[in-house]
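This is the structure I want to talk about, given as structure tokens.
Going in written order, the chains are labelled A, B, C, D, E and F, and every chain counts its residues from 1.
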Amino acid sequence: MFSVTVRDHMMIAHSLRGETFGPAQRLHGATYVVDATFRRAKLDADGIVVDLGRAAEEVRAVVSELSYRNLDDEPALEGMNTTTEALARLIADRLAERALGGALGDTARQLDGIAVTLHESHIASATYERAL
Amino acid sequence: MFSVTVRDHMMIAHSLRGETFGPAQRLHGATYVVDATFRRAKLDADGIVVDLGRAAEEVRAVVSELSYRNLDDEPALEGMNTTTEALARLIADRLAERALGGALGDTARQLDGIAVTLHESHIASATYERAL
Amino acid sequence: MFSVTVRDHMMIAHSLRGETFGPAQRLHGATYVVDATFRRAKLDADGIVVDLGRAAEEVRAVVSELSYRNLDDEPALEGMNTTTEALARLIADRLAERALGGALGDTARQLDGIAVTLHESHIASATYERAL
Amino acid sequence: MFSVTVRDHMMIAHSLRGETFGPAQRLHGATYVVDATFRRAKLDADGIVVDLGRAAEEVRAVVSELSYRNLDDEPALEGMNTTTEALARLIADRLAERALGGALGDTARQLDGIAVTLHESHIASATYERAL
Amino acid sequence: MFSVTVRDHMMIAHSLRGETFGPAQRLHGATYVVDATFRRAKLDADGIVVDLGRAAEEVRAVVSELSYRNLDDEPALEGMNTTTEALARLIADRLAERALGGALGDTARQLDGIAVTLHESHIASATYERAL
Amino acid sequence: MFSVTVRDHMMIAHSLRGETFGPAQRLHGATYVVDATFRRAKLDADGIVVDLGRAAEEVRAVVSELSYRNLDDEPALEGMNTTTEALARLIADRLAERALGGALGDTARQLDGIAVTLHESHIASATYERAL
């Protein structure tokens, strides 16, 4: 199995709902360093999993829809508890949609899976991985 | 599949038994930077894998039982060759026991797996992963 | 010259004032990974720059005054443009005040300088360094 | 499942064939920071996955066959598009061959798998993993 | 003293002249992860050392003049031994020229210094720092 | 001013004397990731601060005198409280002695300074810097 990973980041404000979250129930924020991983059993004719340049552009596009925003006010996220885990899934799902739609190139429709890790600090991260 | 990872560390002395270990047969020591990963197929009602604060506390508790000690003198480790691999399993097993006992919260009993990576330097690490 | 550095982090929401900041004028947030460095020409009687445990506690205390907050609403920061540079100075100044007040131990009053670096992502950071 | 990872690096020149690669079609170069991971379900009699010292030597040997070279001129790589993905597989396959040949010690023939990650920068990497 | 640092990278081929360089006399290559640091005694009216967005753009521009190239064939570098140290100076000098020319904004002409670190692997780097 | 940095590591056991050190008064251990920095105002005829290969060898030699040992039992360290700060100075001084003795090459006698940072974990380090 092959995979490639590209890194980007986003800076958001949000608050979390539920006593579990203690002080993170207050409006605060995070830099999420985003690692997006694309998996594939066989390489394409160019010898790659996916065009790294296009992958980086699509990750940037998905991340830009969220960055420099207060996620509590985003209509698209209404009702969602924007935990690191939930945001990792959101980004993975949006990348999957773009890949299936051809944004990563024709052969990228044959990707086997996508994983997204969000590093919220030097000591904590969350990952969501899914098939394509 | 979702996962979250929390990082902590421990500083121990020990020696390793067996010619394989060369100079590491002498009493020496290590800082182990510990990455504990908790996996789960579905998020709980709060939208998380596990309460990150409680996870960090439990990792700290398990790591504190070993840190600032000479592992060669620990009764609980008698007869064990305290390789990085073996310590990774020990920590994963102790975290699993705590998770199953409810220390990570009720819903954490539904965790699917735990993985522990010990980084012993900038160029070497060992991982143990297990189901829960 | 000797120095020791301890790392912690904080997660805040804020917005920046001025056209220079583009999309960062909107309410967003950041994780700042904080490196606090304490400098000293000679070691104390224990052979250290400062008690690392106490230093870590004081950094945690200073950082906790800001973390999990919307800095736009903090009375203590009113009128301040909370750029990464300005926050690095704020933390360094608060640590200096604590050091001079004895919170880091008696001999820490002889520290020569303090530097604080805030890493706002994997690609950007700001530092402020000052004498004590 | 257990695993150990050792890190090394290599510095090579090459060019990539195909319009997909844009400016990387020109002769350029890369430092690949190499993470080689060895997996195994059970530890051997010494309590390890593989002798870390021997593993590091074999990784060094495999990497040295490529390092400080222009890969476009290497007879052994003729006809190969030396993408990061393809180089990860090449290194994993060469390590597997050595492991099966006994270079990592007798018990290392029981390794279950090998994975190789090449980090080409702070924002991009590729991985190949295979059974043994 | 304040400073901000932005990170980018470049991927180049080159060879080094002189027996000192051993196998690096052969045509090979490197990824240089570039940290560009801008220093300043006082912040500008916006509360910053330099506009981070513009700084990142200028670093990208300078790095792009070198990246995806064989430095042995660059007319502008003719006669230069392109060691990591020499490249760090080259990039710092080109950034200084741009800063003094106003490319980083009017107030950036008051920068006190620039430092450039090139990380050539996980175990080696070179830095050049200069006044402005 | 130019500098180059090379990284290595050592794994030691020791205990620290003094109530300040709390649990670190017990026999424990550490991995120290060692960054050795060599500074110089002008490059030598080869365009370098120091031969990186020789620098790495000398750092390895100095570090090997300490690694895989219990520092409490080292005759050469008798009476010394082996804090991270003190070990950083010890390594810097030993490197300085080697540089002045010609071990880094003739031109390395013109080095202006040496700095050594020991990272004892992902959250703490100590540095000692000196003139040559």
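Throughout what follows, contacts are C-beta pairs under 8 Å (C-beta built on N, C-alpha and C of every residue); 3 or more make two chains touch, one makes a residue touch a chain.
Bear in mind the structure is a predicted one, so any value in this text is a computation, not a measurement.
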item	value
Minimum number of chain-to-chain contact steps, chain A to chain D	1
Contact-pair overlap exceeding half with A-D, pair selected from A-C, B-F or E-F	E-F
Chain at maximum distance from chain F, centres defined as averaged CA atoms	A
Per Cα centroids, the chain farthest from chain D	C
Same-site or different-site touching of chain A by its copy chain B, using the half cut	different
Approximate Å spacing (C-alpha centroids) for the pair chain D, chain E	30
Inter-centroid spacing, chain E versus chain B (mean Cα positions, whole Å)	41
Intercentroid distance (Cα basis), chain E paired with chain A, Å	31
Where chain E touches two or more other chains at once, by residue number	7, 122-123
Of chain F, residues touching chain C in the complex	18, 20-22, 80-81, 83-86, 88-89, 122-130
Chain A-touching residues of chain B, taken from the complex the two chains share	1-8, 43, 46-49, 51-53, 56, 105
Residue ranges of chain B touching chain F (in the complex, touch as defined)	7, 9, 11-14, 23-24, 26-33, 67-70, 120-123
